[in-house]
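Pasting the structures in now, so scroll down.
Below, chain A partners chain B and then partners chain C, in two separate complexes.
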Partner chain A sequence: MEGEAFTDINGNAISLDCQNHSGSCREFTVSSPKMSIGKVIVYTCCVWLLAYAVFFVTENTAVLSGAILITLVGMMLHIHFVKVDHESLLVIGSLGIQVSSNFASGRETTTFIEMSKIKDIVINEAIYMHQIIYYLCVLLKDPTEPTAVSCVVPLFQSSKPRLNCLVKVYKSCQEILSKC
Partner chain B sequence: MGQRRRAADLNNTSSHGGSGAPAEVLHIASKKHNICMVSDFFYPNMGGVESHIYQLSQCLIEKGHKVVIVTHAYGRRKGVRYLTNGLKVYYLPLQVMYNQSTATTCFHSLPLLRCVFVRECITVVHAHSSFSAMAHDALFHAKTMGLNTVFTDHSLFGFADVSSVLTNKLLTVTLCDTNHIVCVSYTSKENTVLRAALNPEIVSVIPNAVDPTDFTPDPSQRRDDRITIVVISRLVYRKGIDLLGGIIPELCLKHPDLHFLIGGEGPKRIVLEEVREKYQLHDRVRLLGALEHKDVRGVLVQGHIFLNTSLTEAFCMAIVEGASCGLQVCGHSEYVGCGITQLIPGDFPTVRSLCAGVESVIAQQRSGSVPSPMSVHARVRSLYTWRNVAERTEKVYDRVSREEVLPLDRRFRRLRAHCGPVTGSIFALFAVLDFLLLLLLQWLMPDRVMDVAMDATGPHGLWRQELSIKVSATAQAAQPDILLK
Partner chain C sequence: MLLKIFFPQCCNRADSGLLVGRWLSGYDAAVVLAVIHYPFIPGQVKQYLQQLQAQSGGGLLVLGSWSLPKEGQEGIECFLRDLSTIFPQERWLQINREMGKTGFNCKVIHRDQSKILIHTQWASAGWEEKVIFIHYEQRKVMLSQLHPVEVPDTGTDPPSELRQVRDSTVGGSQPLFFLDRYDDGPLKSTHWQSEGREASIIVELLKQASVPLCLLISWLLSVWTCICNIRIFKLYPLHFLSTKLSTCDQLSYRTEHMRTLIHLSKLFPASLQASVCRKANILVSLLVDVALGMLLISWLYRDEHICMLANALVPVADHVAKELDQLLQWLMGAPAGLKMNRALDQVLGRFFLYHIHLWISYIHLMSPFIEGILWYGGLSAGLGLTFALSLLSDMVALLTFHIYCFYVYGARLYCLMIYGLSSLWRLFRGKKWNVLRQRVDSCSYDLDQLFIGTLLFTILLFLLPTVALYYLVFTLLRLVVVLFQGILRLSVDIVNSFPLFAVGLRVFQPYRLAEGVKFRVLCEEPGTALHLLMEINPLKCSTVVQTYRIPTYSCYPKDSWAALVKKLFIGELIYPWRHKTTKTD
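Up next, the complex of A and B:
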């Protein structure tokens, strides 16, 4: 299927890609925009200008080489641990849900939740920083206590799509979940 | 949880899927209002303001309005919760400073409150209680955002000490450009008008109500060989406990079958204990200490007469509750008339006037000329209902929604004219800063980026539609732990 354009809670464009692997297996991928070169340049310039100002006062060249090192390491850490390129949710009826997020560096973290532990997938409201947002989450149940909710796993945590996108994902998920 | 699923299913049928439709919603809801109740005090905190907000909201929902409540977080209870009939409560994580009231800086609550007002398409902001800093903040921000405002005052204040002078000044500032003010009694109205230097025409009086199902009479609990007088109040100066200490020995001397049952706790307890010690009344005056609200009825039904010695009261819930339990009510006040109370004449209660009042009630009781508990209960039931309160509050909303919100320049002039040159100028500056902050927030996070919340109540309320489809749905609805994160 084609990727559709949505926005995240800050108004940035994101795209949602739904793939139907089979009747009971669907994959949703939310892709955030790539890191803009302008932003990288701005941050680098800030650090370097600051370093140059310090160098101007102290006249110590270690400051400049330190600044270069900081920008390089900072950029690497950012793309490795912070910047998420795309997040995907793979729902396989009767088997479970796989949640994975791919970082800009290519690193991938994956979690799998068995169907026996899943109580439901819901859209919930939360207070996030200085706003109130909708988010999609998986409710887990404790096998010993089938009626209670033991844990809440939020989905699409870094891309934070808006409600219209969440509703779309939610409906497709419920189609599969209701079958099994 | 299941609620959510249905909510999303119904989304496409609802008229405002997605964003960018608040204007349309407002247009449709011209008859019905989207009301936001703001107060620092709400459940799980217990008290008169809390139950007032809850009962009023429930009755307004019944009338088809959309109601959301905003309060601050209580311990781990933060986020969004739903109560009975889809009443949505926002527990915002704002710092609590003193006595469950939030700290105020006039500005820091703007982002979250704006978010609530925008996403819920609020048309009327209704703030409660002058002790609540959040209520003052919300009124301030609502006026900046151009929303109509209503304020309900639940308490009386003095004019003399430092804390009242400061609170009164703050009240003057908040209320001078508020559209309408509601007070719970004429005493309270007089007090508020004086404190905030208001035009009395924009102040309405809407009394509180009592939940008649909670306070029913039960004459079998009474002992017929004696006459029991029940007093339930906090044992503080304002409640006239010194007067109570004065009348107890006098009445006990005259009437050997008279017993007192006193519920409540406070610094004046020592006065009553001294009296009991001095006149050896241990078997006839029982001090019950602090009572839970659920235990109050159990104490009330044991008595024949309910005595209230308050020097001044905004609205004495205890009197209405006592009458609802079928007791003869005796108190010095003009607030509960309508034949249920024995009014004691005079401007200010004294030991002598109270004694005379109680004695006349005792005489009536002995002669058997008092109305039966059931008839008293029926009378209270018809007079003090929350539906009536909601109806009258609705009229206030209708009136307010036709009024215009003062634009910034006229708001300045109003502030300068009403609050004095110094305070007025300071708060005019605050109003400008608030407006600039609002512009900044609107630039950082435009209204169109915010999702319009699903309505649980109101004209497009999803819970209401479901009720007609499936009545059993409400049973699952109240699962706040799931809805909270």
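Up next, the complex of A and C:
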């Protein structure tokens, strides 16, 4: 319904999309920027120039066809396993939370966490490389000890939005969680 | 709390009637299993449900009413409302769907202890928020299996909601689904329909046929076990041999698999599907194995391929012997310009040359029989490709026995020298190994002892390069053979343990192996309740392979590469057959 401009921790523009399906069901989608054509061209050119240099020395045409194959396969693997197009969080009151990430090739991985296992949703701090970042995470209950936290499931792992975006998601999640 | 209603997709267009299902204990949720259509006699419905409860023991109830008004059935609304008095329940759901609208409407009627009806008709703006419809495909949920299979038994917690949904659909509701849509009974109902009886005739026939087959296999197995238990096989040389030959290993694994296959599972029903899947995996891997073996046989026995192989074998052995001979001659001179200890070099070289001579005469003695051996050995592929491969591995081991011997001699000599050097090195430093305390103690030596020790140390140190060179060369040769055998064993292992059936199930019927569920928001009509679609989230392929792989020896912990290198360095023997200490398998 509303697409607002936020940035991720590296300063790239991402968009947050909140959809209110009903009072107790809300969906948040964080979309990362699309793969830029410039990047693709740079990488492809690098591989091909390298291959051409090798070809110049060895005079073996298999190097060139190998380079073409490598770029194609590499691109396919990249969009199928690495490049995440958008990540979404579906919060359904009294039922659970569904986390899914869609890859650029259309592959989708989904996990559903039941409400009975969820302890809370919090914003956490983490040391990431040389900086401190904030991330949203779901705390899971320990089945043996009701007060302890057994597992932390981080959300929006690949897009890594900044705090202002996380706060927005956090507030509306808590709204639903507190209702039931 | 929100009220969740799990509604089967097949009942979306069912005629008006009664909703049959269960309430989930511990959660505010109802699972609708079937719709019993109008017209019915309430007494018969009650009797039918009692019958079902006696059969299954579950809490099947009439949850409420369902109405899908068609032309000429306008008055049915108030009739269905009155039904709640006939079937007294704590909560009565009244779900109705209007033509032309996708969403459902739901009313919940509460009834307290004093049997006074309290109609809680929420205001039209408010009540749709309180109910969530979750549509599920009954067939897929019925057939799916949630992973991990083992339910964590906490005792205090109620079982997870999704597990309950599945269990209530499957466990104890089977009799409900026997009632067919086309049956001429007093009651008509809509629910998941199984895929026809006609197709299952073949399955039934197979089931019938499998019983005598199982008996036959179990009888054969018992005979086989009897043969294996004869005392002559327990005697030293045979027993020792049978633990070293990979064909015997393969035989024992296949026996074990057959035993699992015919073993009637007396486990509780939750793990029944898992055990069926395991059995099917074993069966499919067996069939694939035999099919590949048949392919091999058809290739081997066509166009005299065996004869060609047998004729090629002796020249190859000769060639290997000649190459080894040359290698030894090279080592006995000045290999790579190294100056060796001449006397020791000559002794070792002649010793190994004599060995090669022995070996070649052995091969030539064998050569008339090699074709026969190959011919009969090739028949073992009828038992499966894995048998043929294991036999090949054993044959390679026997044919390269001389390389193994060289390696053992070299390694023993090298090992001896390394141990001698290390203990003499301790003597140098005025220390000694205390056997009783398993540690190095300091010790004062006499002058004579020190003199002898130093002398021996010098001799060993100067002889070490020669021995080390021989050791290095023969270890490399040995590693080539071990690598080849390791590759053979790896391929045997892949055929043995790959869960082909489970992977096929994952590819063709992904809902069968469920990791969990996922939800999709279906329709958003303002003024109706939230509708979600529950889909089965299939297991990842890697998890499928991990969960369902048939256990074989490669599942055991193996030696690390570092340990292997250390072993090579101090001259301990490495074997391809000892499973826990091998290199490549």
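The rule is short, and it goes like this: the second predicted complex is superposed on the first by the 180 of 180 C-alpha atoms of A that agree within 3 Å, B and C clash if a C-alpha of one lies under 4 Å from a C-alpha of the other, contacts with A are read in each partner's own complex, and residues count from 1 in each chain.
Operating definition for what follows: a contact is a pair of C-beta atoms (placed from the backbone, for glycine too) under 8 Å apart; a residue touches a chain by one contact, two chains touch by 3 or more.
Just so it is clear, the structure is predicted and the values come from calculations on it, not from any experiment.
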| item | value |
| --- | --- |
| Chain A as common anchor, with chain B and chain C clashing or fitting | fit |
| First, second, both or neither for A:174, with chain B first and chain C second | first |
| Dominant contact partner of chain A by residue count, chain C or chain B | B |
| Contacts of A:24 with chain B and chain C, given as first, second, both or neither | second |
| First (chain B), second (chain C), both or neither touched by A:83 | neither |
| Touching partner for A:111 - first (chain B), second (chain C), both, neither | second |
| Arrangement angle, chain B at one end, chain C at the other, chain A at the vertex (C-alpha, nearest 10°) | 100 |
| First, second, both or neither for A:132, with chain B first and chain C second | first |
| CA minimum distance (chain B, chain C), superposed complexes, angstrom | 23 |
| Chain B to chain A touching residues, read off their complex | 1-2, 4-5, 7-9, 11, 17-19, 78-80, 90, 92-93, 111-112, 115-116, 119, 445-446, 449-451, 453, 481-483, 485 |
| Complex contact set, residues of chain A against chain B | 7, 9-11, 119-120, 122-127, 130-134, 137, 139, 149, 152, 154, 162-164, 167, 170-171, 174 |
| Residue numbers on chain A that touch chain C, as the complex places them | 21-25, 27, 90, 92-95, 98, 100, 110-112, 114-117, 143-144, 180 |
| Complex contacts: residues of chain C adjacent to chain A | 1-2, 4, 27-28, 128-129, 132, 134, 152, 154, 157-158, 160-162, 516-519, 521, 524, 529-530, 532, 537 |
